[in-house]
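Next come two complexes, and both contain chain A; in the first it sits with chain B, in the second with chain C.
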Partner chain A sequence: MSPGTTVLGQAARWLLLVWMCVVIWAAFFVVHPAEGFKGQASRIVFFHVPTAWVATLAFLVSCVASVLYLTRRRKVDDIRASVSAALGLAFAIMATVTGSIFAKIEWNSFWNWDPRETSITILLLMYAAYFALRGSIADPELRGTLSAAYAILAFIAVPFLVFVVPRIYWSLHPDVIGQTRSGGGGFDAAHTLVLLASLAGFTGIFAWIFSVECRLEHLLRRRQEELLR
Partner chain B sequence: MLRFLAEARAVLVKDLLGELRTRVAVSTLGLFAITILVAVAYAVGPFRISAEDRPLVLATLLWIVLLFAALAGLDRSFVKEEEARTASLLRLAARPLAVWAGKLVLNLVLTYLLMALIVPLFCVLMAYRVTSVPKLVLLLGIGGYALAVVTTMVAAMISRAMTRGALFSVLALPLLLPLLIFLIQGTAAVAGGDVRALIPAVRALISLGGAMTVASALLFPAVWE
Partner chain C sequence: MTTPLVCARPLTRSGAGWLLRPCLGPARALLAAAIVLAVAGAAAVPAAAQAGGPRDQTSHDPGSGTEPEATVSAPSSPGDGLLPLASASLVQGEVQVAGSIERATVHQLQVDGETVYGFELFDAAGGRLSVTVRGALPDGFDEAGVALVSGSMADGRLLASQILLPGAPSSSRDQSRGLTGVMVISLIVWAGLFIYIFRVDRRVHRMEVS
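Right, the complex of A and B next:
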């Protein structure tokens, strides 16, 4: 029996639904707009930061699965690596869109070539290239090997893009968690609580979609193999 | 260790002799770089950029010329083995790491030759004044090495794919963009005389180049065999 069809799996999905409803309700109706932000702009942070976090997590999972594929040569690891990279790409696009909306409200422009905006663009290009590589190789084993190597190389650049570039070059991008820790303006304890709850909720959404997509990809590949026989 | 060095040296000598005979990579890289440089020098010229913007804009143009020229020819190291059907023989003759080291040094030689040709020409044609030549040479050395590491690994990957030509740029460019950010900022700092801005760029370049070297050395056997 697959994990999605067990009672525990169904309960976890219902819990995730209720959790996300509470997060959305808290983000829009419980906490007041944070200080230091224009109008209601701070509310988008509850969704922008978790999507960016999940994108980074997904790229990490893709890298780990790629390492496992190169060591164990099991098909399931290649499926996990490609599914996780696709989800990372989707969440990175969501982070870019929500970030752009925030930038328009805060800085009156959707795109400013800020170090963080530049970093996420490069990440999007890297993982789009990963899928271009996968599409250019017909042999499944060779495709798995080369794309695993590329995913690992791409992930090496992730810490530099996410942590190094925005810290060594001047950036407009606010650091809400950092401000809270230092006790400065911006996010207070209630905001941080909602943000952490949203982070947990989005991580749960990622885990759920990841398991569903992996099973779906596995079935699709099995069907393909049966058709080719 | 001695056998490894001998194999790597043999791979390098074979490729260098082949290159001296045909001059495909050298002429592709050189001509491509000079063509872009002439186009840039004609379109932008040495005095159309304000003095304030010169360090950053000219650093960007310099690295664009170098990067695009590198992308035009550095994939040859592996692609030619597949095209000439000598890749299988090379797999039998040398261990993977020796092949990787030999090809890396070849790409390094080509990159440094390209830089030796283009950087002085760029400085003359664009009236680009650099306050500290040794610091620029250091940056070019580190940048050229990182460029060669990434392109060698991507060349090995695309040589085994179906659509080689376009795929090399598609795969290599996103991996090179973080390096390019640090290289442009570092070169602008050298040109503008801001040494403090150079240090974080050099640190980031060394760490990213080092990480890419270790990862490439570990991954190459899986890609090659």
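Right, the complex of A and C next:
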């Protein structure tokens, strides 16, 4: 039974709709602009940080599913790995776009080649290459194996690019949860609450889309196999 | 005979289609949402930038509108003190002044196809200073009594680079309107995304059942 058919599943969807509406409203009208940011720029953080977080989570799920595919050889794990990587890429693009808008307001330029910006560019290219690899192999078995190996190797670089590089080099990027050398941690309890609510909401969106995508991909593959028979 | 490791499938697909192929349905909608948000965000950039700067310079006290000394707080950096208008006209380079706007002197000119505004500021000590503004005047200028102007002095005129209007009644209203606009766009994007995924979800469920 798919999660969409249960009463709980349906309730969760409507709760997510209301939850995110409240988060959007709170992000704009409940909290005041945080100290240490220009104008209203701090409000972007409520959408930028969750998208970046979900991208990292999606890449982790893709890595775990890839490991499972290599050990169990089940088709569903390959589907999960590819769907999760696709969602991770989509959320990483959203994080880049929102980050660029933030950079324009804060530093008067959409792109500064800051360590964060450079590392997300590398990340985007790495996962774009994952899909180039998947698209270039016809044999499903071989495609699953090679792309699983690639996804594991790609994920090894993710924590390094997301968490380590921006902390080794001096970065303009503010850290709203923990203070960095560049400062910008002007978030009080209300800001943190809205940010955490947004994180939960975006994680819910990811879980829902992931579930729908996996089921859709599974159906498409089944149809494809039926047609080939 | 050996099976080739890499086939020519990407060559048969047009453009970036092969790259976006795995991003079926909802993920594609996410990308579309990102683009809409980017447009909304880019539209919000000027408003957000205008709302920037030290918070105490955008006064929320509508009652204090005529006396510059009473309404304009001191700049945050120690090197950028406010100059009296009479002294400012004698210096060269970057200055920051505050004064009441002389309404009768506000005028508009076209210089090399560019719109230029000019007006005079006066203060309680009797000092006067001509100000030139390139481009548009800030929102709320028509209602503002006092202006805090930063810019560079040249030939006794101040070429304004930034104009802040303490106590201007429309500034917070414009800011609120801008925020409401961005919030409404965000809500529409989210609602659209929700409806789209919801419909895909139901359709997938129907396909699973059949």
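What we mean here is this: the second predicted complex is superposed on the first by the 222 of 229 C-alpha atoms of A that agree within 3 Å, B and C clash if a C-alpha of one lies under 4 Å from a C-alpha of the other, contacts with A are read in each partner's own complex, and residues count from 1 in each chain.
Just so we're on the same page, a contact is a pair of C-beta atoms (placed from the backbone, for glycine too) under 8 Å apart; a residue touches a chain by one contact, two chains touch by 3 or more.
Quick caveat: nothing in here was measured; it's all calculated off a predicted structure.
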Partner chain(s) touched by A:24 [first = chain B, second = chain C, both, neither]: second
Partner chain(s) touched by A:212 [first = chain B, second = chain C, both, neither]: second
First (chain B), second (chain C), both or neither touched by A:163: neither
Partner chain in contact with A:107 - chain B first, chain C second, else both or neither: neither
Touching partner for A:138 - first (chain B), second (chain C), both, neither: both
More chain A residues in contact - chain B or chain C: C
First, second, both or neither for A:82, with chain B first and chain C second: second
First, second, both or neither for A:70, with chain B first and chain C second: first
Chain C-contacting residues of chain A that also contact chain B: 128, 132, 136-138, 142
Chain A partner contacts - residues on chain B that touch it in the complex: 150, 153, 157, 160-163, 167, 170-171, 173-175, 177-178, 181, 185, 200-201, 204, 207-208, 211-212, 215-216, 219, 222-223
Complex interface listing, chain A residues touching chain C: 2, 4-5, 13, 16-17, 20-21, 24-25, 27-29, 33, 38-41, 43-44, 47, 82-83, 85-87, 89-91, 93-94, 97-98, 100-101, 104-105, 128, 131-132, 134-139, 142, 205, 208-209, 212-213, 215-217, 219-220
Interface residues, chain A side, partner chain B - complex: 70, 118, 122, 125-126, 128-129, 132-133, 136-138, 142, 145-146, 148-150, 152-154, 156-157, 160-161, 164-165, 168-169
Complex interface listing, chain C residues touching chain A: 3, 5-7, 9-10, 13, 18-19, 21-27, 30-31, 33-35, 37-38, 41-42, 44-45, 47-53, 55, 175, 179-180, 182-183, 186-187, 190-191, 193-194, 197-198, 200-202, 204-205, 207-208
